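Take a look at the structures listed below.
First subunit A sits with subunit B, and in the next complex the same chain sits with subunit C.
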Partner chain A sequence: MTLARHTGAALLVAVVLLILTVRLSPFRDFQIAEVAAYATAIAGLTYLIGLSGQVSIGHGAFMAIGAYIAAVIGLHQHWPLELIFLASTVAAAVAGGIVGVAAARLRGPYLAGATLMLAVALPSLANRYAGLLGGDQGLSFSVTTPAFLGVTFPPTRWLAWIACIGALITLVLLANLGRSRIGRSWRALRDNEIAAALSGLNVARLQILAFVISSACAGLGGALLAAVSAIVSPGAFTLTLSIGLITGAILGGLGSLAGAVWGAVVLVFVPTYVQDVATSHGLSSAASSNVPIAAYGVVLIAVMLLFPTGIQGGLRRLLGPVAPAASTPFNALRRRGPASEHQEEGTT
Partner chain B sequence: MQEFLEFTLGGIAFGMIYAAIGLSLVLIWRGTRILNYAQGGMAMFTTYVALIVINHTGNYWEGFGVALAAGLVLGAVLERTVIRPVENKPPLNAVIVTIGVLIFLEGLAGIIYGGQFRSFPPAFSVVGLKIGGTALGVSRADLFTGGAVLAAALLLAVLFRATSVGLRLRATAFAPNVARLLGVRIGRVLTLGWALAGLIGALAGVLVTPATFLYPNSMDSIFVLGFTAAVIGGLESPVGAVAGGLILGVVLSYAGGYLGSDLVSLFGLAVLAVVLMVRPSGLFSTTATRQV
Partner chain C sequence: MKRTHRANLALTAGTAIVAMVIAACGSSATSTPGASSSPSSGSSSAAALTASAPGITPTQILIGSHQPLTGVAAPGYSEIAPASKAYFDYVNSRGGIYGRKIVYKYLNDVYNPTNTSNVVHQLVLQDGVYAIFNGLGTPTHLAVAQYLNSQKVPDVFIASGCECWNAPAKWPDSFGWQLDYVREGKILGNYVKQHFKGKKIGYFYQDDEFGQDGVKGLNYEIPKSQVVAKESYNPANVNVGPQVAALKAAGAQVVVSFSVPAFTALLQLTSLKLQFKPQLVVSDVGSDPTTLGGLLAAFGKNKKLSALTQGIITDGYLPSLGDASNSWIALFKKVHDQYIPKLPFDGNVAYGLAVGYTFVQAMLKAGRNPTRQDLINAIQAGLPQGPSVAPYAYSATDHNGITGAYMAVIKNGALVPKGPVLVTDTSPTGAITPDTATQPAAPASGVPSP
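Let's turn to the complex of A and B:
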């Protein structure tokens, strides 16, 4: 029943996107494709943080893995596109599993520190193995538009279709997972790890599974982003990307898939918009390219201080009946009381 | 053998920088249970302030002093304005707010000063010192770096252990409610903790920037390694932060020297992974309590 509902909703969205991509300009199609790629990665991250209660500040690393696997396979083998994306997803999932085994032992700031370091360290592999991974220049990853669409078919529209299909499949699968026994178990151990363990849940295994699934999403998102931008280079997978992902997840509303899409939309559209406004107000191009960054910081702080449930939480509060689901991730992470100040905080 | 000596001493010099950043993180973590991701950004910003003063007056030490003062003020102002509202909220809120501050400061620096790389003068000569023909791999500037961080760490230790203010700081970190009942003005103490952390961070920024150039993201990698140093040390312990910084500095110096500079951050990850696998709360963690 749930599966049918989610699939139906996804099909509806697919039809809307189909009409949009045909109607809009190639540049807008390109932006839609970017949104879809980011939404795929953010969806996984929002589940990891919002449902299983583990924080990763380094999810850009898994996007890098997915992107590089896609580019390397694309260069050396003639695999069909869906197989390349599948390989990227699997590779990132394996890496996520390895990190997850380590992460299951770590809590709060220690986990944040380890994932942060991962995001910084991993892109340097591209320079170490410059022969295979292309060093600073990176690798090109071109997706050819299939012949049956005709020669005049805009390539960005095809990319937008690919990215949106990938994102929709991911979102449907995640939506079902969130409603399943696994999703409920994640919420249980997020809210109270000890109680969850007492109830017979295998905490470590569930936490590792959350890491595997969210990094698989990030890997697919990275591969989609590689396809969209046609190039994979270390410069695209800096700490800024990782921080952008976590920003998107939080701006949208943690644990919410619709929120992940909102976060991706903000990530793609707000910087260009703010920069246009700044340029039109007569700032030099060097200064105005930094205005979106500063504005971004202000938005982050303001959202956290004023609307801690993010965009989707705010929408739910405005439109629907009182929905406690939107605020639970934060309640769960809230400190139990000032008396526990000296104990370890975090994701317990 | 001589290479080994150079790498070791050079590693210690850089390790002191990581130690300073780690120390500032530990100060804030102990007081407010918040990891300040903006620490690097704050240090970058105060270093810009120092550069402007130095260019204006031509005197390095005026810039140095102004940077430290700016760090002190910046820390206090941030705590009062944006950190105070999230201090008793879930930890993730504070994480996001400090990341927001980091991005804001980097954007602001880009708007005001532009994105180009600027050189920043060192306090003393950067020519390598020699003892009887043997190059030591360190310069006067490195010695000053080590000495300044060490002096700051010792002053902090004295402040914490021998003064009434230090007792208040420790009491607030240990049991805030009891401290409040005993008449400690917790709010002021927390502000002071942030101000001190801002000062130490500003010190690290001024000391490291001659080696890295100054640009809006110049402190990012230094911050990550300082953070790693604090995590290795265990986040609770100032001694741990210094030890973690030195370990990291020396290991990375060997890795960069013997194996190639592109491996440095990977080795940072490796050191962190090994330490956290053996001790999930860092080398110098004392308590293993977890909230039940």
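Let's turn to the complex of A and C:
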């Protein structure tokens, strides 16, 4: 029942996206593709943090795994694209499982520290194994537009389609998962681990599962991002990316899939938009190149002050009286603000 | 942005919303083409000037670039694009290129290839630039070279000495500019071979295309038996203690360094700490005295440390900044003082001005109403020697830029040339010969003649 509703909604969104990508300019298509890639990764992370209550500051590392797997396979094998993306997802999931086993033993700042280390250390593997992974300059991963679309078909539209399909499948699966027994169990252990354990839930297994699923999403997001930017290199998977993912998840609204998309939109559009505004107002390059970073911070502060539950939470509050709560499946996914979670971590 | 909002609305309120959504996206679609609409030709004042290519209108030439304006690569390198822009402003104030003004839009990619891809797509698709000019960095530019060539966007005078840009069959629209690292390695290696006979040589190099190409060139010249240690560093790790200790343990008397300025400074400061005093031979990329001196003082927290640049052997492919009598340096100083007086007058600024000059040369040769291919053809037909001390290599089969440099030693914060300009090729056995022709002087107007 839920599956049917989510799939139906996804198909609707797919039709809207199809119309958008055809009608908008090639650069907007490129940005839509970027948003879709980031949304895929953030969606997994927002579940990990918002639903299962585990923090990861290292999800950029799983994106790197997905991206590098895609590039290495793309370079040496002639696999179909969907198979390459599947391999990326699986590889990142396996890595997530390994990290998850360790993560399930760690709490709060220790978990954050461990995942932080992952984000810092993993990309340098590319330099360690430069022969296979291309070192600092990375590997190229180009997606060719299929011939049946014709030579005049904009390549960025094809990228947007690929990325949006990947994102939509991920979002549908996650939406169902969130409404399932597993989703409810995650919420239970997020709210109170001891109570959840007393109710018969296997806390460690659920936490590892959350890590596996969110890493799989990050892996797919990384592979999609590699396809969009046509290159995979360590410089693309810095700590800044991992922090950006968390920022996106929090800005959008922790635990909310729609919020994940909002977060991705902010990550992609705000810097570009602000730089355009800054340069068009004749600011010196030293100033205008730093303005996007500052604006990003201002947006972050403003959203947190105005909508402590993220953009999606704020929207829901504004639209609340119009839309009955029962008809918004995402509403159920998110009940508590991030602040209360931090308090919990502190007191246990 | 509307998309997500819509995604949620669709979930909430169902199909009734869709009609509204489609209506809304119709309106946003109508607004976008306006941003990139090509101007109509036939303005009465400039009848002969047409909108001959994307980015070219009867009044302007729009070009774009990706540059590290913030982040790790920004110190020094962030001066290059403003310097090029200053030269374009100078040319614009003297009538521009056949009456068109050059508009140079450079965007910050923070030296991150994903951002590079993003900003270059923006420049090509949204802003509709005529060409990408002087995109900075090897890993960053590799992210977009294939894309630019597939879109037939001229990708000219890339700010990286990677020999990879010289691939006319694979990337017909890409051109290098600065002395490539293989040639530079050969010229430095040749000097070391002649002047440090029998001495123990150590290498210190960045572990990527930049350092590896340089080492390739060095190996072509320096006898294997003399090289006692080859130590590489990763730019993400600022601790070079182990490498310097290994060089010291091997007893290296001369250290040849293919490093960026920050790592030349780290090499020197770490050597000082370990009381290791080899003769340094540093590639042009990592030896700009102003940048290096500033970094030494900043890292060592002592202003006197900037004197460590004294005595470094290096090479230069642009005239020495200390040579005030040189017509090119005089021109650079004039443009600098008029347009970018707040920036230091250093090697990065000279680089930006010089590469800007080369672009103007190429555009003038491309003709009054150039297509994109006209610019490619103009460069492939060869460009006359400009601000560089050696000629360009450009031809239909060679997309490398400057072919030679002079050896120099740093004295009191400036390069003092030692010996003639040396030119060579990128082959293992190609001879290194003095360039007997004297460098043509800068035009009095400061603008190349068509």
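Going forward, the second predicted complex is superposed on the first by the 318 of 348 C-alpha atoms of A that agree within 3 Å, B and C clash if a C-alpha of one lies under 4 Å from a C-alpha of the other, contacts with A are read in each partner's own complex, and residues count from 1 in each chain.
Heads up, the rule we're going with is that a contact is a pair of C-beta atoms (placed from the backbone, for glycine too) under 8 Å apart; a residue touches a chain by one contact, two chains touch by 3 or more.
In this text the structure is predicted, and so the values were computed from the model without any measurement.
Of the two partner chains placed by superposition, subunit B and subunit C are both touched by A:N290. Of the two partner chains, subunit B is the only one touched by A:M117; subunit C is not.
In the superposition on chain A, A:Q275 contacts subunit C only, with no contact to subunit B.
Shared-chain residue A:L300: touches subunit B; no touch with subunit C.
When both complexes are overlaid on chain A, the residue A:N127 reaches subunit B and subunit C alike. Overlap of the subunit B and subunit C contact sets on subunit A: residues 124, 127, 286, 289-290, 292-293, 330. Looking at the complex, you find that subunit C touches subunit A at residues 1, 3-8, 10-13, 15, 18, 21-22, 25-26, 28-29, 32-33, 35-36, 69-70, 78, 81-82, 105-108, 111-114, 117-118, 121-122, 125-126, 138-140, 142-144, 146-147, 150, 207-209, 234-237. Against subunit C, the residues of subunit A that register as touching in their complex are 9, 12-13, 15-17, 19-20, 23-28, 30, 32, 34-35, 123-124, 127, 130, 135-138, 140, 142, 155-156, 225, 228-231, 233-236, 238, 240-241, 258, 261-262, 265, 269, 272, 275, 279, 285-286, 289-290, 292-293, 312, 315, 319, 323, 327-330. Residues 29, 33, 35, 82, 85-86, 88-93, 95-97, 99-111, 114-115, 173-177, 216, 220-221, 224, 227-228, 230-231, 235, 260, 262-266, 268-269, 272-273, 276-277, 280-282, 287, 289-292 of subunit B touch subunit A in their complex.
Listing the residues of subunit A that touch subunit B in their complex gives 49, 55, 57, 102, 105-110, 112-114, 116-118, 120-121, 124-125, 127-128, 194, 239, 243, 246-247, 250, 254, 283, 286-287, 289-301, 303-305, 308, 330, 332-336, 338-346, 348.
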